[in-house]
Amino acid sequence: MAIVPLSEAVRELVRDGDVVALEGFTHLIPHAAGHEIVRQRKRDLTLVRMTPDVVYDQLIGMGCARKLVFSWGGNPGVGSLHRLRDAVEHGWPAPLELEEHSHAGMAAAYAAGAAHLPFGVLRGYRGGDLPARTRVARIACPFTGEELAAVPAHRPDVGIVHAQQADRRGNVQLWGIVGVQKEAVLASARSIVTVEEIVDELEPRPGGVVLPAWVVDAVCLAPGGAHPSYAHGFYERDNDFYLAWDAISRDRDRFRAWMQRHVLDTADVAEYHASLAAEAAAV
Amino acid sequence: MSRDGGYTADEMMAVEAARRLRDGAVCFVGIGLPSLAANLARRTHAPGCVLVYESGTIGAKPSMLPLSIGDGELAETADAVVSVPEMFAYWLQGGRIDVGFLGAAQIDRHGNLNSTVIGPYEAPAVRLPGGGGAPEIALGVRDVFVMLRHSPRAFVSRLDFTTSLGDNVRVVVTDLGLLEPVDGELTLVAVHPGVSVEQVRAATGWDLRIACDLRETEPPTQAELEALRALRTKGAR
Amino acid sequence: MAIVPLSEAVRELVRDGDVVALEGFTHLIPHAAGHEIVRQRKRDLTLVRMTPDVVYDQLIGMGCARKLVFSWGGNPGVGSLHRLRDAVEHGWPAPLELEEHSHAGMAAAYAAGAAHLPFGVLRGYRGGDLPARTRVARIACPFTGEELAAVPAHRPDVGIVHAQQADRRGNVQLWGIVGVQKEAVLASARSIVTVEEIVDELEPRPGGVVLPAWVVDAVCLAPGGAHPSYAHGFYERDNDFYLAWDAISRDRDRFRAWMQRHVLDTADVAEYHASLAAEAAAV
Amino acid sequence: MSRDGGYTADEMMAVEAARRLRDGAVCFVGIGLPSLAANLARRTHAPGCVLVYESGTIGAKPSMLPLSIGDGELAETADAVVSVPEMFAYWLQGGRIDVGFLGAAQIDRHGNLNSTVIGPYEAPAVRLPGGGGAPEIALGVRDVFVMLRHSPRAFVSRLDFTTSLGDNVRVVVTDLGLLEPVDGELTLVAVHPGVSVEQVRAATGWDLRIACDLRETEPPTQAELEALRALRTKGAR
């Protein structure tokens, strides 16, 4: 593990064509890392994520993705992801292959990946049209004969998550809603963790999940790096942004202009926040 | 959407759904109307109702309506916060949830739901968000409550895609009334005050069965409306 | 969930012939509950436990068990469990059927039980003589063809654990080394939790595992109920006891006399501790 | 067990095993001699050595030698404490452990171990504790270190029961010397100071191969002994 700038981590650990999982279930979504992937114009990524919300809408709209592996692709509490829809419905800016799962299937696939098993087992994918459209197999219990579903394990090339803290040795702690982040990191061949702050010593927290330094490849300081998602104990969810995103993302030109101004024309998460603040002040 | 008596159709839906929750029920709650209904139940007749959000919060007690299923207040007020894999494996699949709320873009007469696509899967007219937790919620909880606004586009004779099965659907609460399965087919069992059977038929894309003992739901009480609006003014936008 | 005396919980929830799991990995071993099972002379139990240490040595020696499902049966850091050995080697006081697993297999079986799956999957039970002596099957990955092991899920009739705290509504919290206790409770049809104290409100702890009241059948106040095991934050492991147990348990008569004096002749955990204290004072 | 030079055979074993641990190695540690060796390494040349106990404690830094693998100090000083199912699934099976220590009652020339029974399984002369974590540790870590006191009853030509396989055994540290696999068979590669090859042969139940470049291990240094004894006086009994 090394504590490095985010730009360096993305440059060295994310390669064109990689299978990349940015995780964070509503909470601690690694937006700063997503922006850096956009800035470095990574291409042909297979993006894995249970809930590809705004972070993947941006990556898809900017043409970074070839395929999406997901279970729920909406703007939470708001509605559609217009860039995701445009890619699927109209192939803009590029066609997007879909591999669609249920939440339970995605969670089992990550857990299997973390456990270094080739598949996860669940009582799911029974009936309906989803099983025919995704990667799932039936498997019989060798003791009872019951038929269950098997999903292939997620083993991303790179897992990326955001956390509240790391210590100087690179041990990471996150708390609050911890989602599937531990599994995403442990299932991945390489991993990047962006953090709100680097402290001398981690203080154990109720509900804290600790990732030891030796399972993480790069720790990057990125305060505010979850915005518009939130970091429990640091800042709240920017609900207004999610609502505003609906209008920004609805129009291709407006989306591109927004990404140019706030992501491509900024160097890092600090400039991104300054850019948003400047825009807000100008209104 | 305002109606006679000073309440909206959504408020009527939320109130009627809330009434169906027994005190102590463990509810898997999605965002939006289901969350509103479950939180209302907890603040009125069912203070012991346990709210479980798929983000991993068990026993959340939000003071205001969360905008997302992963709002910070859910974690802060929960009895326990677990990982998402644990939530789906030990809690939902573990058979520990009594009631699951589902919404959808389309429903058929058997309570099957579509939240995946409008049009063909490979070339959809509308790409919807997808199933999320719904496929396993639909079969993993004892009782599924569906909340869906009535329209011929939503209540269809044939789904464009079957995202989740209707086997455990016990009630569909709409802005016009209540449907329950009778002999395997959703049947109109109640209309909300001021709603006619013809209105409901017109908003349903199949030849809707009407229960012979069709009743009218009770309008929201003042207490229900106040509790509901307190939740919404604090939290909703 | 109800907060009831331990004697009542054991009387109503543990039945002769039941499959019973008392869990606690070194830490928080539910000895008080084990003693109550001895006092009530439960019979023909199938005892499930990863590490059947002193608590099961006592139950086996007192004739409560018909079968043992386990993965490591020793006195940790000391040596043999003499009552377990006597039952296996000489059928005293009764023959003991063994179903033997590895730790990984036991953990996977509990996790499968908690997840309401009929089996758990692991990369294990490869080679050696154990697979032929236990309940395990081979299962092929439907995607890669890799052969893995399947173990039947543990679904005990009763799961019994010890925790530091419950609140007045019966929500339970344990912390420190949390072992397989959550899985043992969730895998079981019925459950009993003994606790060090009952508090008005649980205060979330780092590393805390919470069992909501509605997944527990009975919460019983049993301060000191883990002795000679320990309760993190309450009291330490009685290492001297584990050493002393070697001599006590080596001899059938001495064992029986000890159990008579400190368990059968005491009514509850308070009297058990008083009895131990009286003996120590008399030395 | 005291020897010339003022150290015991167990101390020699612990010191020699500790020396084999590289700094930064992630070690799955059992109780007793393995724990002593790993803790010694962490206090001498390998301060970055990560101790993982199967009780779920990752990165434990005990100040004294724990009597059990679940002592409270392990949890208090750990970087992370995880559940036992997670330990075996995500950490051991997940392939994150470099070195695993194993002991046993019997070992054969291939490094296979028996910790299950002496005598037939159904009617054992001695019922041993059983495999515990060993079967999956033996195949799930990169390097297995075995620590075992030398005797013909322990070093046998045929195991009464094969509890774990020797595929990944890299070294066997005994009170007499070191054995390493050479062409698939454990071979004596070093003797401890003052030990003769004949002594080792006599304590081995098969015709032991001797490495042509047999060497003698270095006796414990003063620093090693002091660190070791500091651990033991504080913790051991």
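As written, the chain order gives the labels A, B, C and D, with residue 1 at the start of each chain.
Note that a contact is a pair of C-beta atoms (placed from the backbone, for glycine too) under 8 Å apart; a residue touches a chain by one contact, two chains touch by 3 or more.
All values derive from a computational prediction rather than experimental measurement.
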| item | value |
| --- | --- |
| C-D or B-C, whichever has more C-beta pairs in contact | C-D |
| Gap in Å, rounded to a whole number, between the CA centres of chain B and chain A | 28 |
| Chain B and chain C: spacing of chain centres that average the CA atoms, whole Å | 42 |
| Inter-centroid spacing, chain D versus chain B (mean Cα positions, whole Å) | 58 |
| Shared-contact residues (touching 2 or more other chains) in chain D | 89, 93 |
| Interface hub residues of chain A, defined as touching at least two other chains | 111, 116-117, 122-123, 182-183, 207 |
| Which pairs of chains touch, using the document's own definition | A-B, A-C, A-D, B-C, C-D |
| Interfacial residue positions of chain C with respect to chain A in the complex | 116-119, 121-123, 135, 137-139, 141-144, 146, 148, 150, 152, 204-208 |
| Complex contact set, residues of chain D against chain A | 24, 26, 50, 58-59, 79-80, 89-90, 93-96 |
| Residues of chain A touching chain B in the complex | 25-27, 50-51, 70-74, 76-77, 80-81, 84-85, 88-89, 100, 102-104, 107-108, 110-111, 122-130, 133, 176-180, 182-183, 207, 209, 230, 232, 236-237, 239, 242-243 |
| Residue ranges of chain D in contact with chain C within the complex | 31-32, 54-57, 66-72, 74-75, 81, 83-85, 87-89, 92-93, 112, 116, 121, 124-136, 139-140, 161-165, 237 |
| Residues of chain A defined as touching chain D within the complex | 111, 114-117, 171, 182-183, 186, 202, 210-212, 214-215 |
